[in-house]
Every structure is written in C-alpha cells, then in structure tokens.
C-alpha cells in the first residue's frame, strides 16, 4: 500500500470537472431528483450506488444533457465543448445492421467526420478494448461481453472528456464483468477522462472507483460520499485484498441503512 | 337497391359457390323455399301463398348475390328453391338431380338496356359499338357472341343492379331485368331502350320452383301441395298485389313501395300461362338443344327428367 | 436449392393428405362432385384449360404485383411522413385507417368510373386493399425505435434525417417486411376482387365459371390464385432474408 493517499485524479488530466447545484427534475409531476448537489473533479473516477428507482439513470441523463433540470444548474468545466461526453448504456444497444467497425465509428459519422479518419479512429478504439479481430463481424455474431466492448469502444472513439456509464456490465457473467472492470480502469488510467459509473454492485463500485456516493431511495439525496483508499493500478489481485473488503464493508453499511 | 340483373345473381365474392350451403346447414322442421334474391315482386306469388291451407309450414329464405339455390336443393339444405331453367340443365348435366315443378315466369325477364338516345333498333345494334356489361358466363351471352360477335363492343362484368356506370356513359349498355332497372333509370331521368334476350330466341323459364328428385320420390304428396299453394299464391298476387307488396316492402324496405307496384304491373305479361306455372316438354327440349349447341352441356337431356307436371 | 426442397417437403404433406382425402371421399360417393370437385378433375381442368388459365394468371399476377409495388412505395412514404410529428399523425392517421375499412365492394362501381374497366381498376383495388398494413407496420416500427439509441444519436448531434435514415428506418425494417408480407396476400385478394369488377384475369375466370356451375374451374382458378399468393409470400421472405440476414436473430439459422 505505497499509495495510501492516492489522488483521485489520474495523472494525465483530460477530464472535465462537473458541478450540479440544487438540481430538481420531475416526471409527470413525480419528483425523481430533488435538490441534488454534487461536485466532481476533473479526471475523477466516481461510482454512484443506490437502490433501484433512486434516480441514478435520471442523474446521468441530466449530466449528459439529454434532459434538462426543472430547476438548478448542471455545469461542466471547462464549459461545454461539443461532443465531449460519452454514454454507455446497460445493454450494448448496437446497430445490428452494421459491422463492429461501423458501429464503433458511428459517433464520428454523426459528428460529420470523414470516412477514412473515422474508421481509423474506430479501429484504434476497438484495439483499446481488445476487439481488433472482430471488426468485420456483425453484433448478432458476438458474445454479450464482446458486444459490451464494442459499446465501450463506441463511447471511447470520440476521446470523451466525460464518460458516463449506466450499469454497463450488469447483464454480463462475472468473469466477463471482472475482465471489463480491469479494462475500464486501465483505460481511465491511460486517458484521464472523468468517469461516472452507476452501478448497483457494491463490490464493483469499490473495485473500480476512487470515490463512491450512495444515494437514498427518495429524490436522490447523497447518503454517503466516501473516498476509497485503494491503489491506483488495479487488477484482479485486488479482489482478494482485505483493503477492498474494508471499503466494501463501509459502502455496504450505508446501503443497508438505506434499505 | 332495385331488382338486380338476371340470375344467377351477380356476386362479387364468389370464390366459394357453395358458401350459402354452410349458412343453411341448420336443420329445420319447416319446409324451406330458398329464394335467390331479397323479397321483391319477382317472388310476389310465394309471399302471397297460403301454405298452411295446404298443410305446409313453409319458411321463405331470402337470398342475395349468388345464392346457389340449385346446389342448396341438391345438397338438401333447402327442400325447394327458385332457379332458372338453364341453371337446372347445367346442374343436371353435372350430376345434381334437381327437378323443376312450377315456372312463374313463362318469358325470361332478362334483357339488355341501352340509352334511348343511341337510337338502336335491335339487340344486334347494341353490339356494334360502346360497352356492354353482362355476365358473360351465361348462355344468352354466348349465344349473343355466336350470333353477332363481340369484335366491336367492349364486354365488361355486370355491375349487378348498380346503374352508376350506365348513367355516366351514354355508350354503356347493361344486362337487366326488363321489369326493374329500366324503371329505375327512367326515374333518374335517362330514357332507355330495352331489348329482351328472348328477341334472339333465348327464353328459358324463370323463377322456377324446383326440388330434388329424392324429395319428389320420398314425399310426392308434399311436393304436390307445394305446387298447389304456389299456384294459388300467384293467382292471388296477379289479382291484387297490394297487401303482399306491403308485406314484402316491410321485409325489404330498400326499395320504395311504389316500385313494388310498378314492377308487379310490369311483370304481368311475362307470367301468364294456363294453368299458372305450366311447362312444356317442347320448350325444355328446345333449351337443352340450345345449351348443347353452345357447348354448355355435353349432351341433350330428356325433358321428362327435367320437370314434372303436377 | 436442396434446403429449399427439404423445407418444401413438410408443407407438401398436408397438401397431399387433403388432396387424397377429398379425392377418396368424392370417389366413394360421400361427397358430391358438383359440390366439391375432386382434385383429379381440378387438375384435368388446369391441364385442359391451361392457355386460358395461365393467361389469366399472368394478368392477375401483373395487377397484383403492380398494386403491391405501389402499396409498398406509397405505404412506406406515407408512414415516414406520418412519423415526422405527432400532430401530423393525429391529423392524417385516421385517413390511413380508412384504407383498411373501406368496403372495396361498395366502392367497386366507382372504381370503374374513376379508372375504367381493366388493369387500372385491378391495380387500384389491389392497392387500396393492401396499403394499410404497410403504413401501420412501418409507422409502428419507426415509432418504436430504441430510446437509448435515440439518446445516443442526439448526444452526437444527429439531424432528424440522419436519425431517420441511419437509425429509425433500418431498425423498422423487420416490421416493414412483416407489413409487406401481409400486404402481398391482400394484394392478390384485392386484384381478384378488382377483376370481378374490372373483368379480366383469374377473377373473371371465376366469375364466368361460377355462373356456369363449373366448380372444377372455380377451384382451378382459386388454386392458381393461391399459388400466386404463395409465390409473392416467398418472394418477400427471400427479400427479408437478404435484407436481414446478418443482423436479425430470427434470420440467423
């Protein structure tokens, strides 16, 4: 444990800082988020935990700008640069009629990037997630884990400064999930973007993040905000590390009080 | 709707000619007389008949477009049915043993009507140009073709009793019941000239009551009573159709009451025979010979098999 | 080719069984031949009247295919237009439903007035009868586009037309093809109904044969019409396979 006081930011900071101030959002006059405030540093890896229906997904959509708050502010710093945010859904949501390469290149295509450079970038993004060989295959020909990797590559292809993940690995088997956790962590280390990772798995949150918040079931109130005291470089050895168990325990206690 | 064209009535859904059989499958204790159209003056004598007086409990089954009465009789889903003589010959030649009992119409009411403004003199003139709508499968249609050829006229399907195309196009002629559509066309302000198909020597008995040979043999008394009741009914209707017309109008209000009166009057000349409903072997033989010549039936059928005089 | 044959075998079994059953029932005298013509008689009729029947089949095919093609083109175009806004849908969708409910037989005389006797009436009838499932399925396919993917497209600033053509439309293809499959069968029915009115093709053959009590010929024509429907269905399935082969689980095996 040489890095007991690990900074929560990665060394090469390309991430954006994020500030939510008294954000409120209702659907059909049912408040989902009530007066939510949160500051995230540039390059931070934040995990958001909470029971189902606590507004985690709404929070991510607010941050991504897909929906607007009824009141309060969501601000990024440096101020909103176009296309700096990427979003990974719980399911891969690939376009089944496109090859893996074309799927990974989709965001650049929508942004108007020419074919040759966008395919080159997609190729590189796929290499980052270890999927180079599958480039010319179609989603239906891939395993669930491979599809999620494509989804991840699609998010990374724009070199986002803010990466939002909404329970991305929840549907995968555990071995695949462990592998993707490690990949994600090391990608973050290399790139230094800000990551907000929503999950309902306490161990996954503890394993991945440097800071975790636990939301209550009502209106997205922060119940616990904890910096995790774990090494910066993480691999599967960490899973049996007592330090992880301690952090997991702390999160679990907060979760249990909640439910 | 007025009286539509000749029968078998035109239909637009005729993929299953035996469809009517399914509808009539339920067994009834009543004696059924299947009509091939809705209640109208063509059936006046049947609605006027006092069946109870002859010990019969008769249910009149109104029909519609393409009701296959001749098949219904053969299949036993109606004891009696209304058919046309040429239909009966076709059915017999296909093995459906149906027998004619009573011919309400001695003269065939089928005709062709054209706009009077065309100043046509004969049925042959109708075929000289323009369009003619008719059921081209019927024997009279092919007799026309044989006599005059269809080289100069465009033959199209009969629109049933619908007059839209006729009223719309002066050079459009169509198959009709000479007692029905011409009245309607005149009422719409179009003067028409009507040519009965009997002009070309085609004159099958029409609105004929028929039954199956099986029933005739099994229950000749009942068949006899049926014919007697129908004959009296027609006599009564010819005498005074007023009450019966009102009864039929109540059942089929889609036609105005005055039309019932007019048609009942107009059809009188086609009905007369003594006694009413009588048929002769000569006419059956003549019709069979015509159909054979047209190739509709493979060989002529003896008249004695086709009808009985009761 | 061999797999196509192997697939045809199970379907041929009921056909043969029914054929043999009807033939035996008629030969045994249980069912009268003038009510249900024996298959052998139908077959003989097809052979004997082959020139007439197949010329009629060709006309019906042409009418049905033309009507179907128009339905496909206009149906998809109309659905795309309707999908553009909720207000447009509310304004015009009820009129699309009109196509489904229009009693084609009731307006038949008008079709003849509008389009004249012959092919155009046949095509119009096939078109009117078959367009609605294309509109309904295309529209529902476009409207049921995955919300997550819509979010993704808006995240990257995709225009409306890019979202339509790169996402909604291709995603709706399986449903569009389902609509086309239904429309194919309806187009054949519509064409034959049109032929009753317009006077040509298999519809006219059925019309004439019926007045002559030629049930064998009626059935022969109906059989050919069924084969036409089947062929159209097969054609659309083939199209479906080509279009969807790589990306739909249902087309995987």
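Here the chain labels run A, B and C in written order, and each chain numbers its own residues starting at 1.
Throughout what follows, contacts are C-beta pairs under 8 Å (C-beta built on N, C-alpha and C of every residue); 3 or more make two chains touch, one makes a residue touch a chain.
This structure is a prediction, so every number in the text was calculated from the model and none was measured.
Counted as hops between touching chains, the shortest connection from chain A to chain B is 2.
For the criterion of most C-beta pairs in contact, the winning chain pair is B-C. Taking the mean of all protein Cα atoms as the centre, the chain whose own Cα mean lies nearest is C. Chain A and chain B have centres, each the mean of its CA atoms, that are 83 Å apart.
Centre to centre, using the average C-alpha position, chain A and chain C are separated by 49 Å.
The distance from the centre of chain B to the centre of chain C, with each centre set as the mean of the Cα atoms, comes to 37 Å. Put simply, chain C touches chain A in their complex at residues 146, 148-149, 151-158, 162, 166-167, 170-171, 173, 246-249, 252. Listing the residues of chain A that touch chain C in their complex gives 61, 64-66, 82-83, 85-87, 89, 91, 93, 95-97, 106-107, 109-111, 138-141, 158. Within the complex, the chain C residues that touch chain B are 32-36, 105, 108-110, 112-113, 117, 192-193, 196-199, 204, 206-213, 215, 218, 222.
Partner chain C is touched in their complex by these residues of chain B: 8, 11-15, 17-18, 21, 66, 70-71, 74-75, 87, 90-91, 94-96, 131, 135-138, 154-157, 159, 162, 164-165, 168, 296.
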